[in-house]
């Protein structure tokens, strides 16, 4: 195969982002078709500008198409597992946004379908493809620093989402911290086996209406004996705060935020540097391209995808454990969930 | 009073450090007498060089001396509360190294004696006087950042202590993390109300022989609703890692390590900067001077000491709770301890 | 006009870079035709991949084409002014790489042709479009720091060019430092009026064979009374060093290099951070896109280009003055050159 | 000799600074006597507090005293060479503040007297003893980076001196930049052989009244073939800006300012770090102690002083050349001066 022909399921913000990357920045990929039940004139104009061949509101033609090798699942979470099963049934490779699903049995059934069909499934844990975090992971994985002892992930959004979003988000753990659970396991090179959650409503009492929190600190135990912690805030005000750190036997590897520029202004009032890049679209722009390149290359060269079904189900299970820990105010083992 | 005349109880490493600071860097203080049961020729030479008037192996003359206004308790922890009671009984002000004691009833009895005598008692939580941490605390206390949401303390020693030390240390929580518990309460401006501990033996199996850990992550709840986390390692290899951070409603204030120099060397092999200053004597050198100055000034001006008995007992109680949490693998409320 | 239709003259490294940017990243631009006397199969394959409509070895069809609105001049410097005159004669807008030319009379004649034709001419001083340097310039131009006093530009290449390049480069001042002369005038918001050059052959005696230097420090006087300095090295080894600084009446604004990542590794051996991005293709990747966007927008909206003929001739004249200063070992006023 | 007994000539700000350091921080030194024609009650109180044995307005008793081994010359510059000659005549070692003098013949005569007497003479170029700059110098001197190519010194005062000071200062080059000339030679490991000066009055027209400038950029040639540049400003507003950089064959070594703290505050308004330590007393506090220790050790161990007469006269000669270059607007060789 010289080219991966792709059908896209869901054409909202994240779908369009991937579509533009496929069109402009990913060699060996061709976005052939788009389906979205809410596709409007604006979406069609985007399709035309990107050279998409066909589009529509019904997703079925994409699964049925003989000339489509792979699908990008960018629909709401509730559709993920169904689309995975239908794509697998047609022998199509799958790129699926996170979270893979909301019910473990359902996710397992989707993963079984993928396994049976022998297709590739890559999950959209985009932060694994970030230049800063990847360097930290590589330092750990190289073994040059010895075993990891403490894994720390600081992850804060610049501003809280609107109430309409919070209502259907599934809560902080499955909506936001799921990225950080995956990052923590990526950095540690090991699955999380237990969590303990402290959560608080500090930013907006609205979160409490939905049995949600806006601020959380979650302690982690890993299968390899490392321990760690994640802290989340829904509103950091100064921008998107994304820092990770792994303290190892022989030293520590960590990263700092990417900044808008390296500028430094010194006056009698103080020394001012720039804020972090605003949010995930700015911060992980290159990582979105990189994850897509690696997915396409895995298909073209028939090699393993860099992040797959195991990561998909583990991250959801850890998010469930974290919420259970918050509710029951005790450490929760993953063995209670999986 | 123009001058505080001081007697020193214990003349080991920390006693001599305070003695040199009193002699050279603290106006209004005069180190009059030194007592240490192991005082040797070397110690006597130090006394002479610093202009100490009298010295000996017996501590009783210091308590009895009419010309001594205050004592510095720099003896092993086991003697702290006894010396506090004896100093208080003689109306002497007291500077006591941390931890104040090892048993809560005993500590309470010492604090009662201090209260009854109306003398000042300052605890040696030196890190409160560090220029970096204090700036963070001031940012929070000023209120300009709004309420604190998340308090983080990263505290790692450069190298593990010898086995002989570990054996009698009381364990990581009361020996090492006690500083960080105090720091966390200092930064939050609020007492810790609950802890949950993850601990591990990662550096040296020797720690396990003494029911101790060398690596720990402790989650914290504060009375004011903030949450937080401390991570400790007994051996960071690259130096003394001392970073704190408080994420607040309107932003985040944090500090970085002090470095040996600001030098940056760029070659084809990479860009190398200097390591943190090696250990607490280097890192908190100025803070040791500052805490002593503030103690002396509090006496001379009859004002409150900056850190007193409440901080002394709270830090010990939190350390106890942290160990209990480790042993019982559950969150432990301070109300179970105090 | 909704779209600027572009013909490209010269399809070497920089031509292909602009071509890819026009195809993928610049809305409102369409690369229609390519001409290069050395166009080979590889170049034709690139044309096809980018959707170029026609290509060939002869440049004349591009000037003659009625459906081409603008040209990108990416040929060797010796052809720049001829191509400018020919494009202007056909009423085409012009983007021209630096330097605009090598002879002042010849440059002036090209600028006259541009003026007479009323077309737009933008020079390829790509660094003006860099996020870091632009922030420094904006700080100065905003006036909030008061008048500029000292302008500093540090500009070092990671490795020396091959002898074949040095031979025909025109020398360090017109080949390399010309970017920095333009940057200095951009930052100061004022033309350079005098230079004094110190040069040395420190990296490779080869440079001396061509009456060239590989290391230089050039002092600058500006029309607005500011003073400044540029330092250049042909081989910094650690990467592309691109730092600027403007010290003003009320403070200083400066930038640091962009790094490969924000990673920090701390071990007993030291604290290692990443090197700067390797060279101009990596460092100014986004700036190349931005300069093209602004050129295209200036045409579409019929507004002024951000950097034009004045900057083109001034930078060449300052480079000539700098070489004259090196040769005659005295300060040289621009009035001696222009 | 176990102890160096010292007499101090001049007891103003810098004299008292050295006196306190000798008393508190320098082992093996004993400040015996102080002389200052303006010695007042305040000065006498300082003498008493520091344990000085005797004091007075007349300097002659210090030169005559049999029990004094060394003098610190902290008087106004006009007295330096006379005091050096008188101290040398009595066989006393000499620490002399910069500049050593204002006339080359006079300086040479003083240096001859020192040489004839066989006493040690150390000049007060305190910045050589700074932890940051010294690390840069050591990197260069070690040879690991290869030959130095470009030496850069950025040196800016936080605020301009009062007119009364400017009037008698001798001008920017001999008063302020003299430190930077010495620093540049220290870093390069080589004497300056030529300078070219750009100067400007940007901060306050008052400077022009005294044929002085407040802003300057001076290009440098060194005997070893390196080139360099110093920039000075009398008023940086944001604090004392003291950064040096040496670009070498294999890479670059540089330093950054010491900051008041490592604090970082991030809010919606930006990311604010602390300013540099305010001025030389804060910035070079430890360096003042270190230079005195090394002087005392050189006497006790009869080894070479770290900075002596050659550095004293060279820095003055370079300052003269820099002023001549400004006046005559041409590069000036040191051979024209010395």
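Per-chain numbering from 1; labels A, B, C and D assigned in written order.
Methods note: a residue touches a chain if its C-beta (ideal position, glycine included) is under 8 Å from a C-beta of that chain, and two chains touch if they have at least 3 such contacts.
Bear in mind that the values here come from a model prediction, so they are computed numbers and not experimental data.
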Ask   = Which chain pair is joined by more contacting C-beta pairs, B-C or C-D?
value = C-D
Query = Nearest 5 degrees, what's the C-alpha rotation angle taking subunit A to subunit C?
reply = 180
Ask   = At what distance in angstrom does the C-alpha mean of subunit C lie from that of subunit A?
value = 39
Inquiry  = As a quick test, compute the distance in whole Å between the mean CA positions of subunit B and subunit C.
reply    = 58
Task = Compute the distance, rounded to whole Å, between the mean C-alpha positions of subunit C and subunit D.
result = 42
Key: Residues of subunit B engaged with two or more neighbouring chains   = 236-238, 241, 250-252, 266-268, 274
Message = Using the touch definition from the top, list the residues of subunit C that touch subunit D in their complex.
response = 147, 149-150, 152, 154, 156, 196, 198-200, 202-203, 215-217, 219-221, 225-229, 231, 233, 236-238, 241, 247, 249-252, 329-331
Message = Going by the contact rule set out above, which residues of subunit D touch subunit B in the complex?
response = 23-25, 131-132, 134-136, 139, 145, 250-258, 260-268, 274
Message = Show me the residue ranges of subunit D that touch subunit A in the complex, using the header's touch definition.
response = 236-239, 241, 259, 266-268, 270-275
